[in-house]
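Before any comments, here is the structure.
Going in written order, the chains are labelled A, B and C, and every chain counts its residues from 1.
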Amino acid sequence: MSVVQISGLKKYFDAVHAVDGVDLSIQQGEFLVILGPSGCGKTTLMRMIAGLEKPTAGSIHIDGADVTELPPRKRGVSMVFQSYALYPHMNVYNNIAFPLKAQRREKKFDKATMRSKVENIARLLEIDELLDRRPRQLSGGQRQRVAIARAMVTQPAVLLLDEPLSNLDAKLRANARDELKDFQRSSNITAVFVTHDQIEAMGLGDRIVVMEKGKIQQIGTPQRIYDDPANEFVATFLGSPSMNILRAKGHRFGFRPEHFLPKTLQDNPENSVSFHYFVKRVEYLGSDRLVYGYVGGHENELTLAKVPSNIRVSLDIDSEYEFAVHYDDIKYFDEASGERVEAQVAGAAWR
Amino acid sequence: MNALGFVLTNFWALLVLAFLGLVGLRIVWRVRKFGATRRELRHVLRRSPFYFVVLVFCFFAAAPFLIMFLHTFKTDGDLYRRPQPFVYRQEPTLEHLDALFTNTAYLDFIRNSVLVGVAVVIITLLLSLPAAYALARLTGRWGERAGILMFLVYLVPPTLLFIPMFRIVVLLGLKDSPLSLIVVYPSFTVPFSMWLLQGFFKAVPPELEEAALVDGYNRVEAFLRVVLPLSLPGIISTVVFTFTLTLHEFIYGLVFIADTSQRTLSVGVPTELILGDVYFWQPLLAAALIIAIPVGLAYNLFLDSLVQGFTMGAVKG
Amino acid sequence: MKLLHLGNFPLDNRRLIGALFLTPALLYIVLLVGFPFVLSIAFGFSDVTVGNTDLSFVGFRNFLAVWENDIFRQVFETTIRFTLISQVFILIFANILAVIFTQEFTGKWFARFVFILPWATPVSLAMIGWLWMLDTKYSPIDYLLLQLGLLGRGGLLSDNRNLFWLAAPDLAQISVIFVQVWRMTPLATVILMAGLSSIPTDILDQAEVDGSRFMRTLLQIKLPLILPIMVIALLFSMITMFGDMTVVYVLTRGGPVDYTRVLGLYSFQVGIEGGNLAQGAAISLFAFPLLLAMAIFMLRTASRAEVR
């Protein structure tokens, strides 16, 4: 069942088309990640779901009701901001209780109910010891929990999260990511998470929405997005180092550095394409060797190979090797639009 | 005179007309941009209580200035005989405005005020630019304390100091000379502008100065070549507000200078344009309005900058 | 011989440059404010007059004389009353206006220009406008009330054709307070605007998503967050008001009788116009402990309410 249904959504800031025609349906209980480079419109999209921005065109339905013209408080959404936006003059209890107080008249619950709601959510997020503290007395991780508790206390239909992990340091971040995912699973809340960090997106998302220039480029599971990119942008945006793209007649094709291996190591050499690979530089990364070079016929296009370190093949600088890629690992893109095409359509000659 | 006469004799009708016209234009413009006339009208209706409150406040703020404007061009007969203060029954006249500039010391007052203002601005900048930079960047704790002291000094009202100041001015032989004001005014303009400039300096990223230091300049050069040019907008607004502070000052001006031709605007106009009990109302009101409008415009133009300086000084201070 | 170790690069020495940059301003202020202030205290304990420049010590005679003077007591009381009453209105209006002017609306630039005028105009010149507005005979306000039937024969407010704004004791006091509120509200508003615009937008967006409406956001989020700045605004306008003599000097010269005489004006009249510098100094010195207490109290409140 879809909780949020977005159709034809647009937001223009004068000449800037921040969101330019987005259709999206978000399922009950799923963890949806919106991923894209900065300025791709992902935050604007989220703010429109929250009701903080009015769309230029299009509609948003939440739980079947049209909320396009409704203010945030009538939508049943809540949001965690990047800065957490905790009210600095209120203690943790009052911070969490604030949305309840604001909606008290409409939802009709008394003080005791409110108290128990706050205490329950605080216990769930293990911040029940901190209820009397002020935000400035909390650590980064604790602040994040308070922000999530405040967002969850009203039992919203959708929880919106705007890069909430980016204020934490690297060590805390991995931990917080796990906790967030566990919490989302156990509470079965529908979550929309905006980020520009692909590792975060791959780790958290049930599905990922890749955005660029105000448009959705692809929607799918992390694996689908990585293995089966819809176009050149998605193919190159995900993965580090990013996919090698080479020019051919009438199309472009690409393959990921980790699929580009010495021919002798390919488990199925007859089902792969061979290239003459000229090695220019090798970086040792510990678990892998990152090889910089170019393939015959594409001298101007830098091509990378990621060779696991446990493969003990010597790779010398300024030497030529025979490398190969499995047929299935080569993706073809239309020269003009960058859209994915099949090998036959592309007219690839080597099968 | 004819155009002015027309405006004055039909003042209220024109005011209402101009207001309605602007509202109409605005609605038309929005309808053209967003379409949907009915939604537009509903928008206007929903916003009208807000605008009503704004208009009421504006009216209270502007009332004396409106009256000043309306009275400047009235003939004596129109002003005093069975007065109807809001309308013109006789032809508007420029005679009083003319008298203000030719028969009174008004031009002297303006000259003195400008002279004092410019001199004080220069002294203030010379003293407060380096001092504010020192407070913003260089000095640690004791600088902070000096800053608080400055703030407290700014709060010492002139009424507490004018008697001993008067004595000092007499001793220095500066009585009846604008020089006395030039010496004394920095006592409140320096703390004020230091406080404001400090805020602007703090808004300059320290990395820029550090880059200059690495590039081969010393601290003083970094201040002169990097910080000063970057905070120029802030410095300009500090200059504007410092100048107007001197323009506003009344007590020292009243106490130190008794000679009509040496007085400044704020003192000269209310004391010298009144002869005992005889008020020359039209020139008086005109004299006030002529100063009020440009200063008001300057304030409005530099207000955002002032607010910014204040916020930076307060938040990061 | 080196008295002060400057290091090899004096122009890069932070402390040295800091001291060098700060000292001239500090010196000027200490000389120009500190010295007169000490002198003021010395005057208070002496019998100096405009004619007699010798400072001979007379102890607490001036202060006692001032304190036992009924006029002084009334003046002191009036000053405090004016200050307190006007602050209430200034705070109310400034809060409303600050909220208005931190929003976007058509014609904001012009509205802001108009509403800043009372503060931008030199006080003494703005008072000329009010002098006419409140004129005993020609007051445009009276004219308006007359047209509305509130004045004149059978009028609701008075049978007279005029209210005598500045000549009737109660009305004169009300007028002075009104004019003070009129001219000081813009400054307080601007300070509050600075506070409001420094609230992070995230916090306000969060409040909106949390379901808070305009009034709740204003009362529970915005106002508590700008409380420290509000206290500073209050401090500013209270001290300005307490020390002001310009408004009453132009409008009433303290009259009718002593009803609008405030401390600053009284000190001016005794010290300069009356030539008794010693007593004038003593009068203004009475204001000092009060001002100091006010400043300390408010700065403490402001720093205690600091939430960041």
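Methods note: a residue touches a chain if its C-beta (ideal position, glycine included) is under 8 Å from a C-beta of that chain, and two chains touch if they have at least 3 such contacts.
What you see is a predicted model, and the numbers here were worked out from it, not measured in a lab.
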Draw the chains as dots and join the ones that touch; what shape do you get: line, ring, star, complete or other?
line
Which two chains have the most C-beta pairs in contact?
B-C
Separation of mean Cα positions, chain C and chain A [Å, integer]
56
Chain A and chain B: spacing of chain centres that average the CA atoms, whole Å:
53
Determine the centre-to-centre distance between chain B and chain C, using the mean Cα coordinates as centres, and give it in whole Å.
16
Show the residues in chain B shared as contacts by 2 or more other chains, in ascending order.
none
Touching at least 2 other chains, the residues of chain C are 308
Quick check on the complex: what are the chain B residues that touch chain C?
22, 26, 47, 50-51, 53-54, 57-58, 60-65, 67-68, 71, 79-80, 83-86, 126-128, 130-131, 133-135, 137-139, 143, 146, 150, 152-153, 155-168, 183-184, 186-187, 190-191, 194, 213, 218-221, 244, 247-248, 250-251, 254-255, 265-267, 269-270, 279, 281, 284-285, 287-288, 291-292, 295-300, 303, 306-308, 310-311, 314-315
Within their complex, chain C touches chain B through residues 9, 11-15, 17-22, 24-26, 28-29, 32-33, 35-37, 39-40, 43, 48, 53, 93, 96-97, 100, 105-107, 109, 111-133, 138, 140, 143, 182, 186, 190-191, 193-195, 197-198, 229, 232, 235-236, 239-240, 242-246, 249-250, 263-264, 267-268, 271-272, 277, 280-281, 284-285, 287-288, 291, 295, 308
Which residues of chain C touch chain A once you look at their complex with the stated criterion?
200, 202-203, 205-213, 216, 220-221, 224-225, 307-308
Tell me, which parts of chain A touch chain C in their complex?
47, 50-52, 71-73, 77-79, 81-83, 85, 87-89, 98-99, 101-103, 136, 150, 154, 160
